[in-house]
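Next up: the structures, one after another.
Two complexes come next, and they have one chain in common, subunit A, joined by subunit B in the first and subunit C in the second.
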Partner chain A sequence: MITKELLKDYANKLMFDMKDEEYQTLLKEFDVILKQMDLISNIEGINQVEPMTFPFELQDVELRKDENIRTITKEDALSNTDSKMGNEIRVPKVVE
Partner chain B sequence: MNYEVTIGLEVHCEVKTKSKMFSPAPNNYNENPNENISEIDLGFPGILPIANMEAVRKSILMAMALNCKLPEKMFFDRKNYYYPDLPKGYQITQNTKPVGINGYIDVYVADKVKRINIHDIHLEEDTASLDHYDTYSLIDYNRAGVPLLETVTEPCIHSSEEALAFLDSLRRIFLYTNISEARTDRGQMRCDVNISLAKKGSKTLGTKVEMKNINSFSNVKDAIEYEIKRQSELLDSGEKIVMETRRYDDTTGKTYRMREKVENLDYKYYIEPNIPPFKITEKLINEIKEELPMLQFERINKYINEYELSLYDATILTKNIETALYFEEVIKKGVEPKIAANWINTRILGYINKEEININDCTFKTDDLVELIGYINKNVISTKQAKDIFYKCLEENKKPSIIIKENNMEQITDTNAILSVIKEVINENLDLAKSYNPERGRTVDFFVGQVMKKTKGKANPKSAMDLIKEELLKLIQKN
Partner chain C sequence: MSYLDKTIAEIKLSLDKNETTVSSLTTEAIERAKDYQEKLNSFVTITEDNAKNQLDNLDSVKDSPLKGIPYALKDNFSTKGILTTASSNILKDYVPFFNATCVNKLYNKGAILIGKTVLDELAMGGTGTTGHTGPVKNPWNAKRLIGGSSAGSASAVASGIVPFSIGSDTGDSIRKPACYGGIVGYKPTYGLVSRFGLFAFASSMDHVGCFTRSVLDSAIVTDAIKGKDEKDMTTFDSSNINLTANINNDIKGKKLFYIKELVDRNNYQDDMDEELDQILINFDLIKEKCKNLGMTIEEVSIDKNLLKAIFPTYITISCAEATSNNSNLTGIIFGPRGAGDNINEIMFNARTKGFSELIKRRFVLGSYILQKENQEKLFLNAGRIRRLIVDKMTTLFKEYDAMILPATGSIAPTFRKEDIDKLSDRYLLLENHMAIANFGGFPSITIPSGFVHNMPIGINITSGIKQDEKLLNIANKIENALTYKGQIAGGEN
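Coming up: the complex of A and B.
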């Protein structure tokens, strides 16, 4: 059962909050989603079905050889930030 | 103490490869920030991570070394959390199917064998490193994407000694197998400690306290001992332990509360859709098995059982694989194991530790040791001379035979040659010789000394002593 309190708790864990009407919308959406889930859960033998994580069973997956070292330049890397110090990216302090 | 301590460890160790786990950027220690990076490590849009074969092989090798069960396929998962050290917003790791589960290793804790059960070992990418200052933090992405193996033990460790013995053994496995350099001083091996105290005899575990990212083994020991003391004092005074994450500060030797751990963070794990599962074939398993050397624990037991060495000697000889192989080569060439162990553990390791070099870089090779010990056995040189020759070989980078020749150090073993010197010495000290009393050894000692002096220490002392006794006896019987 999804309640407003539960949604509020999840939102807080993800560090945001919503307006009351947004919670109402979300609760209605969850109601539909859960009903659909119930429908699926009631399909006979569903517990025996392995979850599908990939649509195709690939037989010959190649991994990358540990060679051909390549980097981007430090300048390129740092060009995406407007907050740097020396060659490092500067962010607000993230520990107390 | 009225409490039983239970500890579980999570050990992160960087894997030695040329490139990173999912990107072609170099995996090497670089003091200059943000130079070892590619767009994959920075989580740019449109990137496609491809797993590094070498890292995958090494993770399977480590899973085998820890006697783990391997999965049929290599899967990766996304672990979602938001923090600046993780540019993608998720870490690629293994959650559903780790590379190894349900393993164990046996370790020596003092002279007792303790089995440490391994919950799992999984392959993942390291995060960027952060430096924190007063009002800001700086990010260096060099470490982001470095292949990392996390070994998680079961809560089966009950003292700081056991924890340390396990960490040391684990580190030796990484080194023996060349999976990692496992250098704690470079942060290549880091440890999280989970510790709880329960009343002795209690069937349930106490409240768990977690200590994160401890970067040296001695700090792990100190942190555990501090926590045992802190928690038992709290329990003694009737207080409750709070489930929390604490930080160990090595300058004060104390742990400090970081945050209360209300419940496990929800990382919303799901299988990484960008990396198709990779089948771990029988062929691959067999190939990797070939690379697994005999590890320290088995070697220690072999040395004790087959070579009759002490646990102490066997442990020193097996601390690194190069020394163990050196020792094994020497005994394969016919030297008595105990003699070889003595020479290696005292002289050779003493020298290479002082010089801070690897035994393979030492100029005194196994053939030299075999030759030198051979000369002692054949009475060509004495043990004392052998020590001098050993150091001269190292100093001058020459073979023992050359040093012996150049310094005219061969022992005189020819009885006639020794006898003529003895006769000379007796004639020079005839009165003393005539007063010889076989019950008292001091006269013999004096003559041995004189003979050694005249031969410049080259007479074989045992032969000299036997011959002197004979000659003195003959002299007093004649008179």
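Coming up: the complex of A and C.
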């Protein structure tokens, strides 16, 4: 059974939280979603099918040459961060 | 009638005859974008400075069918030096330092970018109501939505601001808003157009495509942006595909099919209303038109349970892929940064504040689907359903040239809270079938086919992979047999 605590755990695993009322909305939504999801499992012989992860087999895939190409400058890499120091993105100390 | 109201092919002729100028077209497009913004909210950014720069440098661009044609771009395509938000607060200040491949191609062909359009946040939604700058309105009736996720790109073309725009399509995000807006929406075969620079939603189903006001224009735009790209390893060599050159081929003897269960009135006894009735009558009319054009059209039956699984399969695969694809949105490399004493708190708070409620709900669903205990039942079974559907369609496309169906089971909804039953056959069958083309990467196009309650409706045509020439050829002939080519909301047509 889906509970608010479970949903909060799923959200926290993806590193965000929601408001209480938003969890309530989501709980109601899950009632419908789970019924829709049942439609996936109720197909005869489904277990014998290999899951598909890509639209079709690619016919002309080739490996790129193993060349060292600089694709991004320091200035570009730093251009969208809110906090930087010198040539680096600044974050709080990671290793205590 | 302004030259801007014409199709790309017509505008180009007028430019070549010096009846109008690129400068006046661009100026008018930007004026319209500004004038309609309050009413429609099509744009996140109107790129006036970029348009001026492109105009200043246009002499150095060699001639092409798109040279001097103004266009709009969904705001989930990277544009160098131009704000690109994906209509999300978590990217509200993000300015890319490179162009998406299709943007570079359009730049090199001389198409003039006049604005970045509003989408459902991170392209995850079908209503055009969840962008961080507000909902997009339908130019045919501003009390109704235009659909999403490529909402602003659809409304910009439907309202006559630009003759074409670029969108992305993961479930039906080009083809549904095209239907609601009375215009053409085309999603080519997966890999025909590079996805490099498009913000990923569900990579195995994301497609780049276009909105236009004629099928020929869709061919012209796609011929300009297609091609193998070393930055997207799923692209293929399409130098043997020429959509524009084959648009008028003879279609006599082509074989079409439709899926019985999707248009069978017996399936909608509980859901039937005048709107759906009119849509099904319109489809019967289109079938007759196809026969009059010399094509055959046959009914094919597919297991209804498999068809009802299309929407949940789409939701399962897309939400699961999206949770992974959007894990880079941490607020650290691109702002706005969250508050906190350590890196985890910073990321946690940035994501809590930066994502809207709807996106969070979709991510939680993705997280649920990917929990170890649910993977077999949900994620892997969805992949199995995907294969069953794609295999069935691939078999059918060996016998038939294309599938034809109503694009949706309703006209554009109003902004009132939805009261549609999400477990009804109407919702699960006719409202959400177009994801079939994303499962298999099939080329798929929506063209306008009539009006119900003064709102446009459309038909959707889909072919086998890499059969884009044939698809556009058939769609072009059907369009020519109807009277909706080039129509603009509130226009003379």
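We adopt the following convention: the second predicted complex is superposed on the first by the 84 of 96 C-alpha atoms of A that agree within 3 Å, B and C clash if a C-alpha of one lies under 4 Å from a C-alpha of the other, contacts with A are read in each partner's own complex, and residues count from 1 in each chain.
Following the convention adopted for this analysis, contacts are C-beta pairs under 8 Å (C-beta built on N, C-alpha and C of every residue); 3 or more make two chains touch, one makes a residue touch a chain.
Because the structure is a prediction, the values reported are computed rather than measured.
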For subunit A, which side has the bigger count of touched residues, subunit B or subunit C? C
Quick check on the superposed pair: does A:I46 touch subunit B, subunit C, both, or neither? Answer first, second, both or neither. second
Which of subunit B and subunit C A:S79 touches, first, second, both or neither: second
Is A:F54 touching the first partner subunit B, the second partner subunit C, both, or neither of them? both
Output check: A:T25 vs subunit B and subunit C. Expected answer is one of first, second, both, neither. What do you get? second
For A:A11, decide between first (touching subunit B), second (touching subunit C), both and neither. second
Return first, second, both or neither, reflecting whether A:I33 touches subunit B, subunit C, both chains, or no partner chain. second
What is the contact status of A:I89 with respect to subunit B (first) and subunit C (second): first, second, both, or neither? both
Using the superposition on chain A as set up above, list the residues of subunit A that contact both subunit B and subunit C. 13, 15, 53-54, 58-59, 61, 64, 72, 77, 80, 89, 91-94
For subunit C, which residues count as touching subunit A in their complex? 93-95, 97-98, 190-191, 204-205, 230, 233-234, 236-237, 303, 305-306, 308-309, 311-313, 315-316, 323, 327, 330-337, 340-344, 346-348, 351-352, 355, 357, 360-361, 363-368, 371, 377-378, 380-388, 390, 422-423, 428, 438-441, 465
Where on subunit B does subunit A make contact in their complex? 17-19, 24-26, 32-39, 42, 50-56, 75, 82-84, 130-141, 265-266, 271, 273, 276-279
Okay, in this complex, where on subunit A does subunit B touch? 13, 15, 53-54, 58-59, 61, 63-72, 74, 77-78, 80, 85-95
Which subunit A residues qualify as touching subunit C in the complex? 2, 7, 10-11, 13-18, 22, 25-26, 29, 32-33, 35-37, 39-43, 46-47, 49-56, 58-61, 64, 72, 76-77, 79-83, 89, 91-94
